[in-house]
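Here it is: the structure, laid out below.
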Amino acid sequence: MPGVILFAILALVAILSAIGMLTSTNAVHAALFLVINLACIAVFFLGLSAPFLAMVQVTVYAGAIMVLFLFVIMLLGAERVPLSSRLRWQAPLAIALVLALLAVTLLVAFSPQVQGNLVNPRPVPPEAQGFGSPQAVGETLFARYLLPFQMVGLLLLVAMIGVVVLTKDERKPTGHISENAQASDRAA
Amino acid sequence: MNLPTLESINLAASLPVLILAGWACLLTAIDLFISPERKHWTAWLAVLGLLASGVALGFEAVAYSQRGAVSAFGDMAVVDGFALFLQGVFLLSAFLGILLALNYLPRHNIERGEYYTLLLFTTSGMMLMAMAADLIVVFLALELLSLPLYVLSGFAHPRLDSEEAAMKYFLLGAFASGFLVYGIALTYGGAGTTLLSGVVEALVGGGPAPNPVLAIVGMGLILVGLGFKVAAVPFHMWTPDVYQGAPTPVTAFMSVGAKAGGFAALLRVFLIAFPATGDTWGVVIAIIAALTMILGNVVAISQSNVKRMLAYSSIAHAGYVLVAVAAARYPEVEPLAVSAAVFYLLTYAVTNLGAFAIVIALERDDGTGVEVEDFAGLAKTRPWLAIAMTLFMLSLTGIPPSAGMVGKFFVFQAAVQASVGDPLILTVTIIGVLTSVISAFYYLRIPVMMYFRDGEGQANVQPALGVALALTALATFLLGVVPAPFLQMARHALLTLAG
Amino acid sequence: MKEWTFIAILLIVSAMLPTVPIMGGRLLGPRKPNEQKSSTYECGVETVGDTWVQFKVQYYIFALVFLVFDIELVFLYPWAVAYNRLPLFGVIAGVVFIITLAEALIYAWRKGALEWL
Amino acid sequence: MLNETVFLVPTSYFVILSAVLFSIGVAGVLLRRNAILIFMSVELMLNAANLAFVAFARSLLDQGGQVFVFFVMTVAAAEVAIGLALIVAIFRSKRSTDIDELNSMEG
């Protein structure tokens, strides 16, 4: 029975931190709430026998991506964030839409057919002992998923080109640069 | 776990994509050593890459006609008629995209080598999307297609509206891929595999953990994700601002390429993975198609900026292709409907790139000059330009002798065949015909402005743009007058199950 | 299975080490704030300018380049671990991946994304 | 301890949790105005999908689900790289990240 209790605690922490991120006025607090959420999910990965993914989640997601978010928030000093939504009718419509989405997914998740044939996790059989370990992930990745692997290589190259194009400005300065860009360059 | 052997990877079948992607990487390196003044060399090298990929595609098509469809990269990708025909459309639109940009970029002082390499990356993403046989490849191809487009739409980045366009496109794109990933997650849960051919077994009760209800909810979320990419109605809000803000050659390529890529994914996922639940998604897509056609055409009437008008027209044309997709759920109509949709994408690509080429010709350096009034009196000052624009507008409306007419006729023929037992498709077809009539109003407004109003319609057609204009005008006319060879090719563009 | 318990204990202990003294100090320590004590300490000098001083974009580009190569590393780890059980083209795929990202590095370096000053 | 006994919780619990987190993410995107917060909500949505993926992979004992999560993470990282570069570019020329001020092109 300890599993359900641990699951309940972690699920509660995850949901609360997600709501915290949603409602916090300070961008830095929102980022830290998201880090807590990522940590909870990393522990879930550990529990679902995906240890390698848990480590990747911590190093890549919480480690690199959230650091970048905090970096940008600090860089832009944009941490005082107004909570009020822009148009009056926008908020209720959005909430209604989200509740409908939630209702559908929960309805389905609780429906008998789904519950019936959802396979519950059996204890890991001896021959699949290395399930989720880096070897297992590596073997599957480099045997069956070769094409996606190469596409990720291309994606990272494109991301690098995109970053350089968007931030480095190497054109000949002529009249076309709008004055506020020059102003901000002088100020930065 | 079926370990793929070397010949099941068979690189030969997917040679066009490999050439293009490899050449894009190589060109990124070569471009580093080209001085800023001679960036057009990168453009011509990119065109060279496209031609090489086109030649490989030709050989592959010949091989395909002999031995039929074959799967590549294990069972991750499939090379069938559908993939080859669409890869041809992507290569053509990329080639015209480069021609459009060749003179536009230096004139607006945003000339950088990366434009052409990013264009090649987007095209390789689209080609991979056309041959995807696994939901992972669909997702990654969608990302490989979208990331360069986010950067390209923000290419004139000190200019604020280009950055805003990129920002809106980026946020909506990320939001859509969030839905797509969650949809794939639920489909994986319901079917036990992400292979498209595997999913179809699970829905019928086979597969490791058959859970059809979960797979159907997943399918709905995938439809939302791809709906954003194709700019169908409930998810189209981003289109006008992004199309207006992005540099015009990027808008032209985005309205043609990204849309065709989105439809490639839509057709492949829904016709291969979810044929069994055809009646659920068939109704939804038919309703979305009707809404898209109505809203796209009606709102376009009130637009004075031609770029925004073409944005709403691209939404409307997505609606017509969606009609073909909705009709394709009946197995007996599927071959005709798929080739109709694919042929429509070809005609739309050629016509829309031509229309945008003329908008580029008229656009002055500071981005103005694209209002409808600026076309006044163009017939007198630039007669050839006026004739070409009239041809494009006729084609977009679907009036003979243009390519658009054949495309629409083909789609409506498929829809009529499908609507024999289905009143909904019948009503959608009627709506389609009515909205085409409405669209005549805002399309033909421009030829009227050119011929019957006087004004000093001035435009500068630079060499590369002239070539693009000539090609698109010729193609629109030829596809309209003698469509037989292309229709024949489209008929071979059939979907086959992978693996 | 036991190694996870060690990691769990490590996490708990490392979490406790900083929090216990801070919480202890806050709860047990006497609280007598005065104007002098509660001003921000800037080595005895009055603070000048606001705290969110802006730094150069250059640092930000460096962080992005780090992110891209962090991902590469995460992909190469399973490649290295499952190296001996890979078919030939699995190895070739890894090599092609490394070459692609080496080119990304050359591109970033040549375009000056790696300058620091 | 963690692996064998503890988490033998039925898979539907994880599906429900990921559905709730996904809905919170969607709400975040629709309600917040700051570009960075919208972006974080998208990350939350992707994380909810990752959780569902790993739960299904565990119940089916199929490694494919975990590899997909691997790819989702790298795609999210690439998206973050470009998205934040865009946010910085916009901020340098407009000094604000409030997305409803991005209206210089109202139709």
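Going by the order they are written in, the chains are A, B, C and D; count residues from 1 in each one.
Note that in this section contacts are C-beta pairs under 8 Å (C-beta built on N, C-alpha and C of every residue); 3 or more make two chains touch, one makes a residue touch a chain.
Note that the coordinates shown come from a computational prediction; the quantities given were computed from them, not determined experimentally.
**Student:** By raw count of C-beta pairs in contact, what's the busiest chain pair here?
**Tutor:** A-D
**Student:** Would you kindly tell me how far, in whole Å, the mean C-alpha position of chain B lies from that of chain A?
**Tutor:** 29
**Student:** If you average the CA atoms of chain A and of chain C, how many Å lie between those two points?
**Tutor:** Centres of chain A and chain C (C-alpha means) sit 17 Å apart.
**Student:** Just how far, in Å, is the C-alpha centre of chain D from the one of chain C?
**Tutor:** That pair's centroid distance is 20 Å.
**Student:** Where in chain B do residues touch at least two different other chains?
**Tutor:** As it turns out, chain B has residues touching two or more other chains at 3, 9, 25, 28, 136, 140, 143, 147, 150-151, 154, 157-158, 160, 189, 209, 214.
**Student:** Multi-chain contacts only, two chains or more: what residues does chain D have there?
**Tutor:** Residues 2-4, 11, 15, 22, 25-26, 39, 50, 55, 59-60, 64, 67, 70-71, 73-75, 77-82, 84-89, 92-94 of chain D touch two or more partner chains.
**Student:** Show the residues in chain A shared as contacts by 2 or more other chains, in ascending order.
**Tutor:** Residues 46, 52, 56, 60, 64-65, 68, 72, 75, 105, 114, 118-119, 136-137, 139-141, 143-146, 148, 150, 152, 154-164, 166-167, 170, 178, 180-181, 188 of chain A touch two or more partner chains.
**Student:** Touch graph across the chains, line, ring, star, complete or other?
**Tutor:** Drawn as a graph, the chains make a fully connected set, so complete.
**Student:** Within their complex, state which residues of chain B touch chain D.
**Tutor:** Chain B reaches chain D through residues 136, 139-140, 143, 147, 150-151, 154, 157-158, 160-161, 163-168, 170-171, 174-175, 177-179, 181-182, 184-186, 188-189, 192-194, 208-209, 214, 240-241, 244-245, 303, 305, 308.
**Student:** Inside the complex, what are the residues of chain B that reach chain C?
**Tutor:** 3, 6, 9, 25, 28-29, 32
**Student:** Can you list the chain C residues touching chain A in their complex?
**Tutor:** Of all residues in chain C, those touching chain A are 4, 52, 54-57, 59-61, 63-68, 70-72, 74-75, 77-83, 85-87, 89-91, 93-94, 96-97, 100-101, 103-104, 107-108, 111-113.
**Student:** Under the definition above, what is the set of chain A residues touching chain C in their complex?
**Tutor:** 46, 51-52, 56, 59-60, 63-65, 67-68, 71-72, 74-75, 77, 79, 134-139, 141-143, 146, 149-150, 152-154, 156-157, 159-161, 163-164, 167-168, 170, 188
**Student:** Considering the complex alone, what residue numbers of chain B touch chain A?
**Tutor:** Against chain A, chain B makes touches at 1-4, 9, 21, 24-25, 28, 36, 73-74, 76-77, 108-112, 114, 117-118, 121, 124-125, 128, 134, 136-137, 140-141, 143-144, 147-148, 150-151, 154-155, 157-160, 189, 209-214, 217, 365.
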